[in-house]
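Dumping the structure here so I can ask a few things about it.
Chain naming follows the written order as A, B and C, and within any one chain the residues start at number 1.
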Amino acid sequence: MDEYYLGLVLVPTLIGVLAAVSCALLGNFLVLRKQSLMGDAVSHVVLPGIVVAFIATGSMAVAPMLLGAAVAALISALLIELVRNLGKVEPGAAMGVVFTALFALGVVLLEQSDTRNVHFDVEHALYGNLESLVWLDGTGLSALFDSQALADLPPQLGRLAMATVVVVLFVVFFWRQLVVSTFDPVFAQASGVPVRFIGATLISLVAVVAVTAFEAVGAIITIAMLICPAAAARLMTNRLVPQLLWSVLFAIVSAVVGFWAAGSGMELIGSGFSVSAAGMIAAVSGIILGLCACIGPQRMGALA
Amino acid sequence: MIDVSAFINAVTFNAGYNTAIVAIGAVLLGWAGGTVGTFLLLRQRSLVSDALSHATLPGVGVAFLVMASLGGTGRFLPGLLLGAAISAMIGLACVEWLTRKTRLKSDAAIGAVLSSFFGLGVVLLTVIQSLGIGRQAGIGNFLLGSTSGMLRNEAITLAVLALCVALLVFLFRRPLTLVCFDEIFARTSGINIQRTDLLLMFLVMAVTVTGLRVVGLILVVALLIIPPVAARFWTDKTNVMIVVSGAIGAISGFIGTALSASVPNFPAGPVIVLVAAVLFVISLLFAPARGVFSGLYRSRTFSNKVHMRQGLLAILRGEAIYDRDTIKVLRAKKFIRGDGTPTRTGLDAAENAAREEALWSCYLRDNPDAAYRAARMRLDPIAERLTAGEISELEKQFSSPTTVVSGSTA
Amino acid sequence: MNIHQSGSAALSVRGLSVAYGDKPALSSVEASFQQGRMSAIVGPNGAGKSTMLKASMGIIGTISGDARFFGRSLEEVRSRIAYVPQRASVDWDFPATVIDVVLMGLYRRLGPLNLIGRTQRNFATQCLEEVDMAALANRQIGQLSGGQQQRVFIARALAQKADLLLLDEPFAGVDAATEKTIITLLKKLVNEGGTAIAVHHDLSTVTAYFDDVLILNVRRIANGPVSKAFTEATLAEAYGGRLAQADPTVRAVI
């Protein structure tokens, strides 16, 4: 095994996998609730959150940025609800209004502030830089037991691992409430399930995951992973638990294959450059969905 | 921060040839976007435009690579826009295919196409970057748009395109309105719905592609979504909404480009979107037809009337009143005292309310179809709602012994 | 008389007013439904029939008024009530099987850590047998006919072991066999001491199916035993000129 394999390939791949899996798990419920595009909207408004946090603190420290992004994501979810209820407009249009307006605000604030000096730009926000999240001290298996080397692991790895654990715990502990309120909200409310609370928690977790993943891998993976694996999984099975498992599998495959294709795969076909891993992962998840749409055993609805 | 004289120059088209051309283009584009967007909103397909705009990116990348490999600069705008249009159509076809051929709903199809096409586009962008031929100025502008540093012929190309789109929208506004307003009527009057929907999507694509270079692919959907949603607060009528939405779009384009030209580091695209967003917030809050404040005021007034009526009837029956809102409205009118006992005026009002209730019941016995409207009307003084003749007729009935107050069968 | 003092009523509402914005849906409705009876809520379209059930269950907000179940507040007796929503209110393409949906009726009684085991599955299967659907227990719900979907909903309500069933349009768009199965089942439940309140739109079957009726048209028109409250006069008051068009058979029935 190449001595750099662990640090340069496995660690960023693992980061990609964690981001993909945590998004995909939540994505199942977004897709079933016909709220897929909430992920899209929430990911877009991370930008203004980060810019505001930067302007407020004047530093690129991670904690305030994550906080700013999370707050912005929650505010956008609230605004969407508000516009939808007050304006009585369809959810899609309400989302479109809110996320474009906030994203525009973010771009203008960014241009007006001096963030450009500290190397931050919109492109980075959109498609991150997964390739750079390497573990330089990870030069062999022995490094796994070397506390000094471990301390040098990219911090994104730990944060994403934590986010993934939180998502899994949420899905396991609130399983019944999630399922009932997704399938039949009226019945759920009548039986005393806190439907609004569950919905709000789901969106908050989407925001948390979007923010954590975004910092590591950019918005594009978040959006793709919140939708594509779950949508593809829906075409594979008619049961919810298998659907979740399929979506996790698709998320892992997208991350691994995408990361490989962006780096080693490009070398393999003899091209001398590497391309955006985030973009490639999103594209692979789209291809998986396309395949499932062609051959997935449950691709047709009962009425179609 | 804002340079007033530069702003005035920009508003009066005196800030240079390019700026004037871009401003004219933005106004036309804003109008076209607002108008087409109204149809899109009425057909409940607003976010299809989001998939469409993100799907332009791979096309831009491929067009760039093709033109560069043919020995060109790769920056040739019409070529890039053509590529954008083609891949947008492919993206749209994918959305249609996913929603028609599989069980996926449109939101999932839109999100999937949006993200995977965008991912592919990003891959192509990084290819171009590592080839070292596509400096940021080349196609980075397509993400967020930019008007500064735009070449004169680019500005002219965009203005002409915007003019064409606006003309097309103007020409086809009638069948589109008809289909959105009343699909069945449109069908019976010989309009092909599918073809009209296709036309709508073509116009959406045209607006998106034209707006790409100025507003950027992430924000160009705002031109199609924000103005119609804002317009919705001003009116319930489709044809009024189309006009209002077009106007909001045009105003946003105009003010946005003017601001962008007169304030440093104020990129045109996001600023246009922000101006539209401000107009949206104003509409949301203050529009008299469906705005938040007028809605709150109306439902508050209505709710108070309900409490007033129920409180008065309870007074008459000698029941204690517990509902806080009821107590509040009764106290405000001094119909009850602090201890909850009715005042003299309160008792009078209660008797009057009971009389009106009874008259309304008589009225509804004769006009059952009016129940829905009457539920609101009956809370107002009867003299405001019915003519004196009608009332005296009701009073005659009421006093006759054969009439029973409704609900007595319980 | 204060309705709430007749504490045995399965459901009593007092002064219930509901509006969507400033558009009234219910105006000061007073009604009570006795235990051990089958009651119908009838009225023309837009009369607020479903709204009344939803407002009673706290699913939508009210301007004023309250609802008491068995003389108590909803929270105290929620586990004794089963609510059957309109069939069209859910997405039947949801990835679940028939028995999954029935098991949802058990969620309230199971603690978050109690797993669903053989006992629960057997019980759910029994509930499905009651509506003659046990054979389809593992079928994907999207493959069911409208009548079968309604039966699954009824089975889920049975699984809740409730004393009071609130049904929103249980016979809308179902086949004759299903309608018969459901009505037989409901009558059996009521004979055993249960209570059923159904939003109903078919005036011609009111007399045959129900003991009591609430006739509604934004306000209460009449409420009481079918024999007294369901008269030509009250119906005319609720439906006006539409009655004749709505159902020519009704006049023959009443």
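Heads up, the rule we're going with is that a contact is a pair of C-beta atoms (placed from the backbone, for glycine too) under 8 Å apart; a residue touches a chain by one contact, two chains touch by 3 or more.
Everything quoted here is computed from the prediction, not taken from an experiment.
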Category of the chain touch graph - line, ring, star, complete, other: complete
Greatest separation from subunit A - chain, by CA centre: C
Inter-centroid spacing, subunit B versus subunit A (mean Cα positions, whole Å): 29
Intercentroid distance (Cα basis), subunit C paired with subunit B, Å: 37
Inter-chain centre distance, subunit A versus subunit C - centres from mean C-alpha coordinates, in Å: 42
Shared interface positions of subunit B, touching two or more other chains: 103, 295
For subunit A, residues that touch 2 or more chains besides their own: 34, 234, 301
Junction residues of subunit C, two or more chains touched: 93
Interfacial residue positions of subunit B with respect to subunit A in the complex: 41, 44-47, 49-50, 94, 97-98, 101-105, 107-123, 125-127, 130-131, 140, 143-144, 218-219, 221-222, 225-226, 228-229, 232-233, 265-267, 269-271, 273-274, 276-277, 280, 284, 290, 292, 295
Complex contact set, residues of subunit C against subunit A: 54, 57-59, 75, 78, 81, 83-86, 89-97, 100-101, 104, 107-108, 110, 112, 140, 142-143, 156, 160, 166
Sites on subunit C touched by subunit B in the complex: 2, 15, 17, 19, 21-24, 27-28, 30-31, 46-47, 63-64, 93, 217-224, 228-229, 231, 234, 236-242
Subunit C partner contacts - residues on subunit A that touch it in the complex: 32, 34, 173, 176-177, 179-180, 182-184, 186-187, 189-193, 234, 237-240, 243, 301-303
Residues of subunit A touching subunit B in the complex: 31, 34-37, 39-40, 44, 83, 86-90, 92-97, 100-101, 103-105, 107-108, 111-112, 122-123, 126-127, 220-221, 223-224, 226-228, 230-231, 234-235, 262, 273-276, 278-283, 285-287, 289-290, 293, 296, 298-301, 304
